[in-house]
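One chain, chain A, links the two complexes that follow: it is found with chain B in the first and with chain C in the second.
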Partner chain A sequence: MTTLDATTREALAELLLAMADDEFVLGFWDSEWTGIAPILEEDVAMSSVSQDEIGHAKALYELLAGLTGGDADQIAFGRPADGYRHAALMNHARTDWAFSIARRFLYEHADAVRLESLATSAYQPLADLVIKMRREETYHILHFDLWLKRLAEGGDESHARLAAGIGRLWVDAQTVFAPLDGEACLVAARILPESLETLRSRWLERVRPRLAAADLPVPATHGLPGADGRTRRTDEFAWLHGEFTMVSGSEAEATW
Partner chain B sequence: MATPRDRVWEVFRQEAEGDPMIHGGSVNAPDEELATHYAREFYGRRQESERLWIVPRDAITELDDPDLLKPPFDRSFKRPGGFLIKHKLEAARERAGSPASDEVGE
Partner chain C sequence: MVAAAPSRESAVWSALAELPDPEIPAISLVDLGVIRGFAFEPLPTGGERLTVELMPTFVGCPAIDVMRQQIGERLTDLRIADEVTVALTFAEPWTSDRITPAGREALRRSGFAPPVTIGSTFVGDALTVLPIATCPYCASRNTTLENPFGPTLCRAIYHCADCRQPFEAFKPV
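For the complex of A and B:
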């Protein structure tokens, strides 16, 4: 595929922005654990995973900028809070360690399903990038599957906190697969090889048995993720947005 | 920060295939799986290692007895440097008519 028509390009831009914002915002939330994670070793591990996500976001923003003629930094830092398109799952503050682990667990599996499918995307630059991203994501899945198990088996309090986190995030976790305006166009062009609803079913098949194995309540599915799954914003995210745009916003015209 | 239940794991790294495993440092972790993750974070995430060995510290048998390791008498003849062959080598080279190129021995 060498050229894209305007409709397809717009649809691809929407997909890239959604994926980049997921990684970017989650990377910022979990980088807050730097210095305060449960043990020094985990502090380094969580910080490193967060850096991985920001790195993936950077690569996706650059792909997007190349497609639309924008600037990656400007896309990343130059939008108002309501201009971001991450899934509602990333609207929540990091809260406690169990809540952060619950979110990572839900997100990493969703991301893995999405990336597996996109590895065969007809848009070769995206397929190439995704293949690289997946190599780093292998470790993320291992790490957060392990933490889910540890907290689930770690005693009454950690189990209860983890169950509460899963319960609170379950509906918003579905929004990683919220429909995109240009989805039909992307699927027809095989840029997105499968529909987001197909991917969501696959994600549920992976997440549910793991929750059951950890003796965690498996929530019933709450219908389909709404069309506003990537446009709903919260005060918590507005606060985070203020934090991560503080430096870039202090001198709008500066060259860094 | 480490809890009493944590164990210490010694981490050895290999920089390139075929190189010896060299001690890199240690990590605290409650079990083998997390020890593996943390060893990777500390000694392998910047493409600096070909392979890691992660060994529980309590599996290591330590020998540090000076009576065994630092015998008090002069045993310098047991070291390869205990024999001075430099001058003998030079003389041999001269007889053979080849220039003395490498520094050998002490």
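For the complex of A and C:
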């Protein structure tokens, strides 16, 4: 499958951009914990996880650049804040540790479900990359499942903060599976082997029992994620965007 | 009887075997298993291009560009092809099982526990059991995983309960 028609190529570009922006923006949010995480081991771990995510974003931006003829760095750093297509889940500032853990838990399982499906994508370069990414992401799942349990069982305060984080993020977490304009085309071509709504159901089946086992409130099913799930932007994200484009913006043509 | 000149294939492998991993210089790129292979192909303008396929250990490994540059320079110095290209590939995933026995020994000698052979502990691509590392100092298996994440993407931090040393292990992946 080397030649894609223009419609399919556009749909695939939309999917790659959504995934890359999810990993890129979350990688930047959580890299803010470097130096100030609650314990030294976790400082190292969160930094390493963030580096993984930004690395995954880089590989996805490169795949996208190869498809559309752009430049990966330009795609990553050259857009205005409203040009990003990450899920609304990544619009929030890192807030406190429990909030960051709540987001990581919700996102890692969403990403795992998405990657599991894409490992059989008919677009072979994406399937190849995803197979490699999954071997790294397995460590993220183990790590954040453990943190969920640790905070849930850690005492009244950590439990309450974690429950508040899950509650605040629950609606926006659904937007990882917000419909894409070209989704029907991608599913028909088996580039995306299953619909995002199917994947969202599978994610709920993974997340709910884990929340219940940690004695955390399991929020009621939220309705379908809206079509604006990947276009809504916040002032918090606008601030982060200013941070991560500061260096590239200071000398646009610089080489390193 | 005249001994056959070494083939240019073996000249390329020997040159690559001299290149250290930028983050763990005790091990060579060949022993690390990141060279998938290489091929000579004719250039449209005449002459030949040598293309090396490089498999990243981790997708986001920041040493990839250094490796590409080292390989390109070393093979260009051989003057064995008119052009040298180093291409990243994910066509098959690099896994820590690709590290050679010599590479494992080199890691151990420099204080890194070599990765446990994973094979069946990945179901699909998910790790089901966290492997036990063997202490590189006293060979004890009475060790605990302190942190699955370490100072670089490919390293994890353990502690040995027998010789009471913290140590790093190459992460099984």
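What we mean here is this: the second predicted complex is superposed on the first by the 256 of 256 C-alpha atoms of A that agree within 3 Å, B and C clash if a C-alpha of one lies under 4 Å from a C-alpha of the other, contacts with A are read in each partner's own complex, and residues count from 1 in each chain.
Rule of thumb we're sticking to: a residue touches a chain if its C-beta (ideal position, glycine included) is under 8 Å from a C-beta of that chain, and two chains touch if they have at least 3 such contacts.
Quantities reported herein were computed from a predicted structural model and do not represent experimental measurements.
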With the two complexes overlaid on their shared chain, look at chain A and say whether chain B and chain C clash or fit. clash
In the overlay, answer first, second, both or neither for which of chain B and chain C A:Glu32 touches. neither
Given the touch rule stated above, what does A:Lys58 touch, chain B (first), chain C (second), both, or neither? second
According to the stated criteria, A:Glu41 is in contact with first (chain B), second (chain C), both, or neither; which is it? both
Between chain B (first) and chain C (second), which does A:Asp73 come into contact with in this model arrangement: first, second, both, or neither? neither
Thinking of the overlay built on chain A, is A:Glu10 touched by chain B (first), by chain C (second), by both, or by neither? neither
First (chain B), second (chain C), both or neither touched by A:Glu236: neither
Counting residues of chain A touched by each of chain B and chain C, the higher count belongs to C
Scan A:Met133 for contacts with chain B and chain C and give back first, second, both or neither. second
Answer with first, second, both or neither: which of chain B and chain C does A:His143 touch in the superposed model? both
One more residue to check, A:Glu183. First (chain B), second (chain C), both or neither? neither
Identify the residues of chain A that lie in both the chain B contact region and the chain C contact region. 41, 44-45, 48, 139, 142-143
Quick one: which bits of chain A touch chain C in the complex? Just the residue numbers, please. 41, 44-45, 47-49, 51-56, 58-59, 116, 119, 125, 128-129, 131-136, 138-139, 141-143
Show me the residue ranges of chain C that touch chain A in the complex, using the header's touch definition. 56, 58-62, 90-95, 122, 124-127, 130, 146-153, 157, 171, 173
Touching residues of chain B toward chain A in the complex: what are they? 1-3, 6, 27-30, 33-34, 37-38, 40-42, 45
Footprint of chain B on chain A - complex, ascending: 39-42, 44-45, 48, 139, 142-143, 146, 150
